Amino acid sequence: MDLLLQNLVSPIVLAFLLGALARWVKSDLEIPDAIYQGISIYLLFAIGLKGGIAMAETPLDALVLPVGATILLGVITPITAFFLLKSFARLDRINASAAAAHYGSVSAVTFVAAIDAAKSAGLPAEGFMPALVAVLEVPGIIVALLFARQSRGGGIKAALHELVVGKSIFLLLGGLAIGALCGPTKMESVTPFFIDPFKGVLCLFLLELGMVAAKRVRDVREAGWRLIVSGCLLPLFHGLLGTLVGHLVGLSPGGAAVLGAMVGSASYIAAPAAVRMALPKASPGIYLTLSLGITFPFNLGVGIPVFLAISKTLESVLP
Amino acid sequence: MDLLLQNLVSPIVLAFLLGALARWVKSDLEIPDAIYQGISIYLLFAIGLKGGIAMAETPLDALVLPVGATILLGVITPITAFFLLKSFARLDRINASAAAAHYGSVSAVTFVAAIDAAKSAGLPAEGFMPALVAVLEVPGIIVALLFARQSRGGGIKAALHELVVGKSIFLLLGGLAIGALCGPTKMESVTPFFIDPFKGVLCLFLLELGMVAAKRVRDVREAGWRLIVSGCLLPLFHGLLGTLVGHLVGLSPGGAAVLGAMVGSASYIAAPAAVRMALPKASPGIYLTLSLGITFPFNLGVGIPVFLAISKTLESVLP
Amino acid sequence: MDLLLQNLVSPIVLAFLLGALARWVKSDLEIPDAIYQGISIYLLFAIGLKGGIAMAETPLDALVLPVGATILLGVITPITAFFLLKSFARLDRINASAAAAHYGSVSAVTFVAAIDAAKSAGLPAEGFMPALVAVLEVPGIIVALLFARQSRGGGIKAALHELVVGKSIFLLLGGLAIGALCGPTKMESVTPFFIDPFKGVLCLFLLELGMVAAKRVRDVREAGWRLIVSGCLLPLFHGLLGTLVGHLVGLSPGGAAVLGAMVGSASYIAAPAAVRMALPKASPGIYLTLSLGITFPFNLGVGIPVFLAISKTLESVLP
Amino acid sequence: MKVTLCKLTVISESLLREEIAELILRLGATGYTMTRVEGRGSRGRRASDFEGRNVKFEVIVSEETADAILEEVAERYFEDFAVIAWLTSAEVLRGNKFVKSSSALPSGEATGKPGPESEV
Amino acid sequence: MKVTLCKLTVISESLLREEIAELILRLGATGYTMTRVEGRGSRGRRASDFEGRNVKFEVIVSEETADAILEEVAERYFEDFAVIAWLTSAEVLRGNKFVKSSSALPSGEATGKPGPESEV
Amino acid sequence: MKVTLCKLTVISESLLREEIAELILRLGATGYTMTRVEGRGSRGRRASDFEGRNVKFEVIVSEETADAILEEVAERYFEDFAVIAWLTSAEVLRGNKFVKSSSALPSGEATGKPGPESEV
């Protein structure tokens, strides 16, 4: 409980709430498009670079298990999401698989918020986690699209291309590669730009995210309780699964909780674009509302501290 | 005199002059709209955050007197401005009240420049000053609009809404709240973005401000000497008043001078928008020329060092 | 050889390659126009400021020889470039002089990369080098335009105005002036914005530059081997000349190599705009391909380390 | 099946963005497209030179709706604000997309066979 | 020597930018101009509210090419995507600049003396 | 009282922005609206791919002024620069706003009753 409150009163969460407030009071506050895009390029590239620097210092075989587990989780989560959304939330096949693609992928901001919360809670995560983000982005979307049993034009192949060379994965992988090739010493000179101000920039980003999410609140109200409950249950279930698996493959308690947050999160940048191209008949009103209107704030406010608490407990329970 | 020159040769003032120069030599230098807006969001939010952090460490009752005095000053200044502009500068009722609204409000950049100059002069101001900026923004505009005795559509009520949820006050208050809630420890992680680079970003902003102000120079020439003299007298008079009141309510010499600069300054972001909506018949050519073309450079170059010098003298005079 | 590889695996060079890769795999990565422009304003202004701070600490007479030599080199390089491009690369008069203007001028990013590489190699350059960049920008373009024997409308005079008040030179000179006037102490407060994050921002810029350069690759293929060879020979020849002259006028080994890189570089911001206005009949396809598609990557990858190695050797050879 | 409708263009100082968007939808347009533009006009300067830009609204509507919007825009803004507007004709497919369900397309247009004058 | 051609305008969610640009050039336009715009329409929201903007293509083409582009755009995108399009006429100098060398301007236009109907 | 005027559109590489703006005002337009756009055309690339964008000028003017501007733009820029231009007609209220006081609206337009041909 204390962890929960502790987590809520942080610059990141408050900036998100401030953004939402801006919409509710109809402020004319507006982050220009170009700035928003510039910030998101910065964040993704910086996440990659930071992960790459860490990878340069990690023996490769320490990565094998976590990467394997992450791929596995990326395959499982869209399946559970699809069936829950189809049966419990009563979405049709197309909309269920479209939304499942989002749950199969990962939200970079949730990831970063989790990294940060873990650090604040004295449970720092492994430095190579950003590599897992890159790994988790793709398989879930592919699996989910298979469920749709239909897709436009180039279909899954086109969506796959869209994904892999899409800017978020491209920047993440690019950053990882540069960071790993250069290593900590050579990266020192870019640290004052990519590492030190990172969290402040993230605050600005969350201001914007709050504004965008607030636009979805009306949609959330219309969505009906079944959708809302699904949008909370899925991250919880996936998150616990991720945390548990994280422990099993030997991650630190912080790392396991962060893996939980990643697995529990729903993408709202890479996935929507890919899904829109592959399944144009699916309603963005459903998948964006689920991922950005419900699951994202849920994880930010509740999920992350819960995964951290569970992970701490698991540590003392597991051998 | 030395203080004056000392003040003029600073990165901030020189950046402003460089911007003005860019216009005069017809350089194609141009700060993209989106960048300008991004910077102004950054600056306002950062001012708020910094003030909030300071407030978290200030006992609330230390704020009562300064806040009360600031509100009072916010009510007085538009009145003096209105009558001076109407009688001496010979503006009609509408234009006089439109311009008075600007003098009743406050220029955030003048405030920041004053904070900075105070620090350089060895007279650091209180940390909670940004809270006073937020307090000073609104009442003056309302009072001034009352003088106009007419206003469009929603009128004053609409203008009030425009103001309070307008992005400048919204970001300032939002920043204050986040800073105060999180306190210094939790804000540490965002300091490298919001505090350390602040003054450098301000330089870029002043480059742009210089360009915009230079466009007004022709208007200033046309304005006639009465308007020009008013644009210098008003900040001087209001500034001295503010400095004096600052001492009386117990601010440090630096704080009092900064309060003087705030009170003496004229808004050119929040006020113009509100006035344009409420009094569309007032001429922007008059109120923008006064606030941005005359009073802003006057304060930057002359007002601030004068208020600092006076404040230093007052300290030894007053009990 | 080791120096070469050492140089290639740096965040700056890798960011450039990543940008090129983005184009080749058809990623949708895109740096918004406004961000690109904002970054280039930042970089040029920051280079100027840094140079200005150094100049404030340099006795003026230490500048006389280097400045004189730089002007001389700025006059010589467009001449060699013109004749090589006309005779060996078989360009007509107009296109040869248009391209020569680019070789007469200087690429700010090549300059910065050289400064950085020199530092990494333990051969730091003089702090006042940015002043030489400003000096080198103009004369070469003028000389080259004289070769064209024709030019549009205002012609050379218009192009000269375009250049001197063009944003790149204006910001560079403006930054130099502000830095020199304020000196190191007063600039301290803006250092965390203009100096510390500089190299990180440069990385982002090179990402974009890589994307733009990659667009030229097709043009490079079409250009024919004579143009490609010219685009490599010219920077090599000019660079060696610059390095040698640097030693003769008493620069440090690092400074001489940086002067070499400057002299060897071809402008792709100031020159193209000026040339386009003065010689609209010249083909941008030729001069941009040469400067940005061939010479820039050549210098980044090969030129800079070669100039450094030569400069080191020269040091032990020359008296 | 092309039908001829109106394209209404409104250029305004950006301060009025929300008001004009609301006005356009209220008077019956099914949507609008907004562009950020810069401008020079008789009034020269805008309230806040900072806000910098003007906005341009382009609206595909039936002629009556266009006239209604144009009239209200003229009445409310032409005198005091930096606002201008003009009409051109435009041919669209799916004419019904641009007409609110309550109203209907005038017969000539619905048939897709407008008289010679109204054809572009 | 002014000739009358068509101006085709296509507004689309920005995700389709590349596809539509490719389509326009493939069907015979000699170029296009693209603007980033914002919009409100019946569909209300776009795939990624983040990508934020729509794009607007303006293309000067002969009437046949315009019709061909319009048709393919309609067929491929109108049902599932936030895409609208319209045609107006436009007078240009140098009419041949806008017609690919393979095809030719219809005689009426090439002479610069279009019949009354095609004139604006 | 609607009158029919011309809308002139000029698209140009951004390097010429100042020159063209000056040209437009010099030849008698009362204002213009400028948009930053991107483009693809026969020339493919612009002087500085960095400057990135083209600019689009839209000008509401009388037909004569439009023709005068169009002619000078064509003469000075069409050959060597990435510049295109076109004309459409546009109906405005307050026709006099767009005509410089020195000149006057041609009678047909001033009455708001243009002949059938010039009507849109």
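General observations
To keep things simple, chains are lettered A, B, C, D, E and F as they appear, and every chain counts its residues starting from 1.
Everything that follows uses one rule, which is that a contact is a pair of C-beta atoms (placed from the backbone, for glycine too) under 8 Å apart; a residue touches a chain by one contact, two chains touch by 3 or more.
Quick caveat, the model's predicted, so the values are computed rather than measured.
Using the average of C-alpha coordinates as each chain's centre, B ends up farthest from subunit E. Greatest centre-to-centre distance from subunit A is found for F, with centres as Cα means. Interface note: subunit A and subunit B, two copies of one sequence, contact each other through mostly non-matching residue numbers (shared numbers fall below half of all numbers used).
Mean C-alpha position of subunit A lies 41 Å from that of subunit C. Within subunit C, contacts with two or more other chains are made by residues 28, 32-35, 38, 197.
Each of the following residues of subunit E touches two or more other chains: 35-36, 88-89, 116, 120. Contacting chain pairs in the structure are A-B, A-C, A-E, B-C, B-D, C-F, D-E, D-F, E-F. By the touch criterion stated above, subunit D contacts subunit E in their complex at residues 2, 5, 7, 21, 25, 30-35, 60, 88-94, 97, 116, 119-120. Looking at the complex, you find that subunit A touches subunit B at residues 9-11, 14-15, 18, 21-22, 25-35, 38, 116, 192, 196-201, 203-204, 207. The touching residues of subunit C, counted against subunit B in their complex, run 32-35, 37-38, 41-42, 45, 162, 165-167, 170-171, 174, 177-178, 181-182, 186-187, 189-194, 197.
Within the complex, the subunit D residues that touch subunit B are 13, 15, 36, 44-53, 80-81. Subunit E contributes residues 9, 11, 35-42, 54, 56, 70, 74, 78, 84-89, 116-117, 120 to its touches with subunit D in the complex.
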